[in-house]
Amino acid sequence: MRLVDLELDLDVFAGPFDLLLTLILREEIDLLEVDLAEVVVAYIDHLEQRGELDLEAATEFLVLIAALLELKSRLLLPGEEQEIIELDPGEAAEELLARLLDAHRYRAAANHLQARLAEQSGYRFRSAPLPPSLRRASLQDAAAVYSPGTLARAIGELLRVPEPVDVRHIGVPKVTVAERLAHLRKLLARGRFSFDEAVARADRVTVAVTLFALLELYKQGEATWIQGEPFGEITIEATPSARAARLSAAG
Amino acid sequence: MSEPTLTTTGAELERTIESLLFLSSEPVSAEALADATGEELHAVVTAVERLREHYEFERRGLVLRELGGGYVLSSHPDSEPAARRLLARPRTPPLTPAQAETLAIIAYLQPVSRPEIARIRGVGAESAAATLLERGMIEESGRSQFGAVLYRTTELFLRLFGLSSLDELPDIKEFDPEPELEQELRERLLKAGEARAGS
Amino acid sequence: MSEPTLTTTGAELERTIESLLFLSSEPVSAEALADATGEELHAVVTAVERLREHYEFERRGLVLRELGGGYVLSSHPDSEPAARRLLARPRTPPLTPAQAETLAIIAYLQPVSRPEIARIRGVGAESAAATLLERGMIEESGRSQFGAVLYRTTELFLRLFGLSSLDELPDIKEFDPEPELEQELRERLLKAGEARAGS
């Protein structure tokens, strides 16, 4: 998948990821207003939906989102760093570009190292203790340079049993787009409904996945929606053609 | 009369150096060999070169190389299949992409902290760094001014990657992305979005 | 026409055997060499004899000896004084955390097998154990009932830590997070290791 294909629907922005990036860089959207966690959730959903992982694009996304997080945390820091954060859009873009180029560079260097290691692996080195005569000589020259406390401390550390991590509160959401599609279609069959109804009591991931399902319905021409004002309620209803089709199927 | 003696001395020195390199599990510098044998540095360097040529020209099973700041013996790669059958010890396992990236960043930027590595990669490097530490390819090298552990590569890193020093790593510029790719990234960052924004 | 081929094969085999003996710190039997090289036993025995003669007649720095039912390489005794100057000082760079942990486990639990060390630490200990072996602080001490190599500490270990016997190892109570537990140290370490691995 290409990053260009990542469609977002955030509180402050709906549209493709690269457009969001541009608007941030041109300071038309305030980075402080953007919930980056939501961007990540959307990205993961997108990956799940596609069922494929393009490493190139994944790296690019990670580098960009990390850079945005850093920019944002710098913006959140009060006081002294004020002058650093007066990034003009051009500079911010250059910084992001520099990050991406660096990531490419080190990935290429990593490939080089991997190849080099493989090429060198036939040269094996000898690893053996010294012969007894030299060991005896070595013993004569041995002075107490290490502290026995180091060993006791290491054992103490190793005895530490980690606190069992309580994972009960982390429900593992296993919601699929197909499930949410079925859910939306059932609601559609009853008439119009609001998005809030569709995701009542749902967790964030389910909300994100439901949104994808809704976009899918729209793409298929099954549903349309109205939103009176920004942040207002989204009302969803079947398109006239879908309604006609359902009626004829029922009749 | 002096010539045979000189020749003998040269051969003796070569022989002693062969013993010393065989016994030593780490690379040995010319200076250390000169100290141990009580010979002049230039005589040591000549003897080492003769030993290297002996292995090469006589097609011996050993190879003498200058790696990690000293001379070290290794088996000849032609024997690798037999060595793999004989030794339970596997050959150097390959690096995962995450380990290789982490190692590349450490090799070029050392000393470098884990947060810096994460900053470049966009993802953390805990488990990759732990494996590289365990395999002896990197080691800690003090702390940054913010208290983060700094890493650097080890002598073993040089040896495993067939390098005599870090200077032998290719210039990082050699890994610069193609200008077309850079252009494409630049456009994707700004222009592609602007086109949409303007539309 | 067959002779040069035979000679080549003989030389190749001698070369491979040289590599294999170089890599093995323990004696290797003719059978094991035959298995590894895929050659007949008598060809291996001939090649080993040629290698032995090569070292002897060419006055090399290595010696091939038959020991404990196998062949093993060692350095030539003539080089001993130089070897002493180069190597007979114990190498005592600061222990890495992995080395300290591995050494502590061996010191308090000896004899202990490598798989046990790995279970306690939650990560492998190959590289750390190899370094401790090379530096002479630990040594092999037979095999466990499952065939794993067992380790114990050496006399050099005691010297380097200023101990006159293992009884002088410090009491761990001071560092023990739960000193009130009565359970055996080995069991507690294994349990904690498994808890770490599972978390």
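First chain written, first letter: the chains are A, B and C, and each begins at residue 1.
As a working rule, contacts are C-beta pairs under 8 Å (C-beta built on N, C-alpha and C of every residue); 3 or more make two chains touch, one makes a residue touch a chain.
Treat the numbers as computed from the prediction; the structure is a model and nothing was measured.
Taking each chain's centre as the mean of its C-alpha atoms, the one that lies farthest from the centre of chain C is A. Centrality annotation: B (chain centre taken as mean Cα position, compared with the mean over all protein Cα atoms).
Look at where the CA atoms of chain A average out and do the same for chain C: the two points lie 45 Å apart. One inter-chain figure worth recording: chain B and chain C are separated by 23 Å, centre to centre, where each centre is the mean of the chain's CA atoms. Per-chain Cα centroids separate chain A from chain B by 34 Å.
Chain contacts: chain C has residues 19, 22-23, 75, 83, 87, 134 touching two or more partner chains. For chain A, the set of residues that touch two or more other chains comprises 124, 126-128, 130-131, 134. Partner chain C is touched in their complex by these residues of chain A: 124, 126-131, 133-135, 137-162, 164-165. The touching residues of chain C, counted against chain B in their complex, run 11, 14-20, 22-24, 28, 32-33, 35-38, 59-62, 73, 75-76, 78-79, 82-83, 85-87, 96, 98, 123-124, 127-128, 131, 134. Within the complex formed with chain A, the chain C residues making contact are 19, 22-23, 25, 74-75, 80, 83-84, 87-90, 92, 95, 97, 100-101, 103-105, 107-108, 120-121, 130, 133-134, 136, 139, 155-156, 159-163, 168-172, 174-178, 185, 188-189, 191-193, 195-196, 199. Against chain B, the residues of chain A that register as touching in their complex are 3-4, 15-16, 18-23, 25-26, 28, 55, 59, 61-67, 70, 93, 96-97, 99-114, 116-128, 130-131, 134.
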